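Listed next: structures, encoded as structure tokens.
Two complexes come next, and they have one chain in common, chain A, joined by chain B in the first and chain C in the second.
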Partner chain A sequence: MRQNPSNRFLHWLEIVPSIAWILIALLIVFCLITPHFATLDNLFNLIRQGAVLTIVATGMVVAITSGGIDLSVGALIGLTGTVIGFTINRGLSWPLAMVVGVLVCSLAGLISGLIISKGRIFPFVVTFGMLFIARSIGLGLSQGGSIHIAGQAFSMIGSGYFLYLPIPFWVTLVAALIVLFFLKRTVFGRYIFSIGSDANSASWMGIKVDLIRVLVYVLSGTLAGVAGVVMASRVNTGNALIGQGTEFFAIASVVIGGTPITGGRGSLAGAVLGSFVITVLQNGLTLLGLSSQLTSAIVGIALMLGVIFAQLVYRGGLRGK
Partner chain B sequence: MAENHRIVDMQGIIKNFPGVKALDMVDFDLSKGEIHVLVGENGAGKSTLVKILAGVLPLDHGTILIDGTPERIANPSRAQQLGISIVFQESNLSPYLTVAQNIFISHEPCRAGFVVDVREEERQAHELLRSLSMDINPNELVANLSLGKQQLVAFARALSFNPRVIILDEPTSSLTAQETELMFTTLRKLKKEGVGIIYISHRLEELFQIGDRITVLRDGKRIDTLLTKNTELNTIIRMMVGRDISEMYPKEITEIGKEAFRLEKVTRKGVCKDIDLTVRTGEVVGLFGLVGAGRTETMRMAFGLDAMESGSIFLYGEKIKHPSPSKSVGLGIGFSPEDRKQEGLCLALSLKENIARASLDQLFRSGFVSGKKENEIAQKYIHDLSIATPSVDRLALYLSGGTQQKVVLAQWLCAKSSILILDEPTRGIDVGTKAEIYRMINQLAQKGTAILVISSELPEVMGISDRIYVMCRGEITGMLDRADATPEKIAALAFGTQETINATKS
Partner chain C sequence: MENSHVKPSVRPKLALARFISVISRLAVLLIMMVVMSFLSHSFFTTNNLLNILRQAAPIFIIGAGQTVVILARGIDLSMDSVASLTGVIMATLMVDNKVPFYWSMLLSLGLGALLGLINGIIVTKIKLPPFVATFGTYLLFKGLTVLWIDGRVISGFSKDFTFLGAGRVFGIPFIIFIALLVYLIVRLLLRYTTFGRKIYAIGANPEASRVSGIKIDRIVIAAFVISAMLATFGSQLYISRINSAKEDFGEGFALDAIAATLIGGTSFDGGVGTIEGTVIGALIILLLRNAMNLLGVSGLWQGLATGLVIIIAVLGDTYLKKVAKKYEG
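Coming up: the complex of A and B.
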């Protein structure tokens, strides 16, 4: 059976996440049909564009694995920038302002997490509410518009280089590695899987379900804050509306990366690759001269195809055994 | 003297659920090195009692002494600290974590308090599984294991705490005979080491194999505690049910008519091969086989749930073209699945909605559902099948297993099914309700319904069937008439003895 070439092919399809094949196919297609795609400039551009989504997606995969979801992350990205702008303009040094910006998002996550676990309210509803709260605070701080962030140093995070690579790359890498470690090597990571498959049983096993839930949303919020720092630094502006919709692209990244929306299982690598697919699609299609509306539709189609493809491979693999 | 060895002493335990007194002044104790069996019908309070001891449920009144000291077991962690370990009835492992990760979840070998020492965890899991003679790879995902293996992993997890008290709630319900024996061997060893074991089971024959004492619960009250060696099975059944069951299987011979439902050469690769099977009107046909023999899969194809590769299904001699569930229901075939919670009922719907669910087209031809009519129909079946429920609006979720099974039956009676396929209709159901369901099967057969019962219980299949088909590894290995059927013959066919294997090969 194993020698059968079609089976071996299926076997390969199975062990390499389907999303990786989609990414490879996309890269090949864009290299062939878009002259400016395969340039170093564009690669760095891709990294800067994609960093925000990838960082948020690493938080989203944790929330979804735990059986929840975090819809507030897009609004938190905007909030971070306005908090940084607001505090710098009032004389705070930029590193401190950055920390405050991230901590505000951690606090938002903490509040969401507490309401979810203590109030026994669906994460969907709570984080949806937090989305509006965060956005309106952001709009309040920026007086309804955007705040220019003064100073060269802060913008270095978005536009600078470290070891020949854009700083957002390093930020993303560190964030992803921390989440990977958190999920795979710490007890909290284990508990997140356990809670996601059945919160009741998890509590019967002696797991402190409430505490873990709170941690999940603190983590997700904090990562949204980090993404917000990268975003604000890239555009040198605090704008409450800037991250709008990122939550949905993050959910899409997680889902096409092979993580079921129902919880209990999750692939961080899949989510990261998923965010790459979306970033590459957006970038490549824009380079091709497609309008942003059309780009969105194509991303939507890719989301569905990605999930269908993953399902086919899964079923095919089962039959192959 | 015995007092000194008492590890657990529960006194006057009272637990109320909304509308039900789940436990009413129950006393229960466990000594060192003892296997104490808890029996009772569904809803008698067995699981509630052990969940209180395991810190999962809070108690309303009563005292728990552990080694003679009063303890408040507020949460599962506290129970674990006290050396009390539990294997729950429902598997509560995380399917997408590995065996090793599941065994050690909530007490992982750690560095710095929260970083899991993965290698140490794997080593310990490997050692533990080997010491229990369990042939399970610690790095396998739990989702890839059979239900039986999963249950063994849950058992291994309970032992990984090195507990002084182990609670097993229906541990053998999905174990094979070998796996059960393996578990019993371990339990006997633990007993010798002085561990106290609380054992809940519906399989009464098991009690006599391993139990030292038996406590019978009924309707939340403790009826009696007996020494196993001085007790007879009938006594226990009488205590559980509260009345005599003169005969568990009140088979009535009915007049058997013409062919109603027939499978011809039904085949699907890797599932079943050339299945020929006939059920006649007024006949109860048993389909026996070991777990994994392909019985459920075959009947799912016959009902149209899964596609078959070749073969035909005939209804009253007429071939059903392209069988599908909706066509089958329309033609009067009913299917009661093995997993009634997942497949047989909508748990979030009320009792009356569940009953009418398969016959909405017939009942409400206008397309509008009438609540009044639904109520009347539900009342009729509540009366006919003596369904125990406070109201027709009770959600199926809150009904006991036996009542749920009756609702599934009512669903198909309401759809006027003339052919019923019942997959393990009495799994996890208490003795009293079992007998009631057998009586209903008899009554239906008398009215001319053709009934096929898939069962893994030998006494059941012999007790209720007019004819018995036996399946083994996807094939029918034999058919026996009621008069010819003996446990030995059926078992030989089910295990596929040498002759039958040779016969199929040639």
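Coming up: the complex of A and C.
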């Protein structure tokens, strides 16, 4: 508990997630030691690279807060792209194909959510199965390789600008705002916190736990679909394997952002900042001239330490509840 | 010790449910085999069946490790990079430093044990959820692997070493005997030692186990060590079979291992499950792949089948348990 409530500055310091300081420190370090890091081009580049992870992380934070997890998001990113490629190449217009791609992911989320809530199976197990299923469907649709997406219009989402800023920025912003709205301004959001801290009590209170759970996974799946659209449009191909591993980076973003993996509490801002940290780290190290393998090694080690540290801090040890 | 002979007290209907759960898997396996024999002439041939067993062997070995951890309410996501790291270090020892293959294998098994120890300590002492802890070490070990091998592909192992994974004895792939040995050891460990009974106890009820004096931390750490060592052993056999090693060859190990365990009926909740189930799980995965190959279904759809089987198997078990509980009142 704060001893001195009148000290506004300290209060402000307290509500800023710790991860923000790490992000600021990283940005300063990279600005000083990395050539071409602090340029407008690179900033836009960062936004485009980071959008996919940030969007997925906003969905993941909802799933984890509700006491669950969604391991299928990486595979869903790949699935979206292949569905879009598959349908566009069969003559569907690109906006429609995009909607179909996202809806397929919502459907996958719906199925996961139904099995989790009605079958009473651990989210880990169900979404783990869904990972296999989604990746396999993507591979099957693309015949194992990748599908080139015909036409230039679709690639505008990844490379275009709106109001002087890259379109992925706006997509990410809208996604984050929608999740924020759900979490903070709707009953649905409040219930997510309740079922995350104690599903049984929530159910006795008359909260429709099953329904909320289903909605959580629909939301997470849909956001993975949106991320998949951005990804597919950036590379202008549908590739079933392209999102592989994103689920883990999204989970890492959420955890280093201060959300306990056990659910019940969650920080959307933390998750978004966490995903920025990962993106900045990857981008900065690459600009330093490190090989991609070495970059991923260093990012891996940093995340490992970050995850351990975050769990220690946010478990309520160092900081209080 | 007397304790080791005490059967866990299980309510009769629940025990029946568990029995049905194993039998039903065996039945599924048999039905699949019968159906396949009718659908494809090349299925029920010695060669094909041995091939299935040969390919199922490494999945079973890593699956056995995962089973031990999941029984103790853990999960080991780091298997991929444990396998890669210990595998490439063994490979460089053998090829670059000309260390005899048995010493290289022993050293790499020792390293595997150390990596498992790290996992176990993070889970028990820092008290991270196993899922987060082993995901973190997954990234860490992956990083170390990349630093160690730096993109090289290592090949050119000795004949003695490649015999383990690719050799045959009396026409039967040697790796099948190794898998059988692993099965016997793990079965012995889980069913006839106090260590094994304690793993089941911890999985079923950690709090009760703690109160009854079980040193939970030690047992859980040991489970992670076993898991990492079996992942290491599996990777050694795999390298021996394909006669090459590179930084990412272990990718997918953990997924296969978890799939085999879950399909085999081990509860994600811990405390329930058998090593026999994991044998069946590995066989079902391989049988599916084999069936799709023979029927000319693209291998790309294999994941679909695996994913569906996982979900159906777990749904079936949950349903069985529910029915059993209802009749017990």
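As a convention for this text, the second predicted complex is superposed on the first by the 290 of 321 C-alpha atoms of A that agree within 3 Å, B and C clash if a C-alpha of one lies under 4 Å from a C-alpha of the other, contacts with A are read in each partner's own complex, and residues count from 1 in each chain.
Operating definition for what follows: contacts are C-beta pairs under 8 Å (C-beta built on N, C-alpha and C of every residue); 3 or more make two chains touch, one makes a residue touch a chain.
Since this is a predicted model, take the numbers as computed values, not measurements.
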Q: Using the overlay on chain A, decide if chain B and chain C clash or can fit next to each other.
A: clash
Q: With the two complexes superposed on chain A, say which partner A:S197 touches: chain B (first), chain C (second), both, or neither.
A: first
Q) Thinking of the overlay built on chain A, is A:G289 touched by chain B (first), by chain C (second), by both, or by neither? A) neither
Q: Identify which of chain B and chain C touches the larger number of residues of chain A.
A: C
Q: In the overlay, answer first, second, both or neither for which of chain B and chain C A:P35 touches.
A: neither
Q. Once the shared chain is lined up, is A:M130 touching chain B (first), chain C (second), both, or neither of them?
A. second
Q.
On the A-aligned overlay, A:G91 touches which partner chain: chain B = first, chain C = second, or both, or neither?
A. neither
**Q.** Clash with chain C, by chain B stretch, listed 279-287, 369-377 or 459-467
**A.** 369-377
Q) For chain B, which residues count as touching chain A in their complex? A) 54, 56, 75-77, 79-80, 86, 88, 90, 92-97, 101, 105-108, 110, 114-116, 118
Q) What residues of chain A sit close enough to touch chain B in their complex? A) 185-188, 190-191, 193-194, 196-198, 200-207, 264-265
Q) Once bound in the complex, which stretches of chain A touch chain C? A) 69, 115, 119-122, 124-126, 128-133, 135-137, 139-140, 143-144, 248, 251-252, 255, 261-262, 291, 293-294, 296-301, 303-304, 307-308, 311-312, 315
Q: Would you tell me which residues of chain C are touching chain A in their complex?
A: 75, 122, 126-129, 131-133, 135-140, 142-144, 146-147, 150-151, 247, 255, 258-259, 262, 268-269, 298, 300-308, 310-311, 314-315, 318
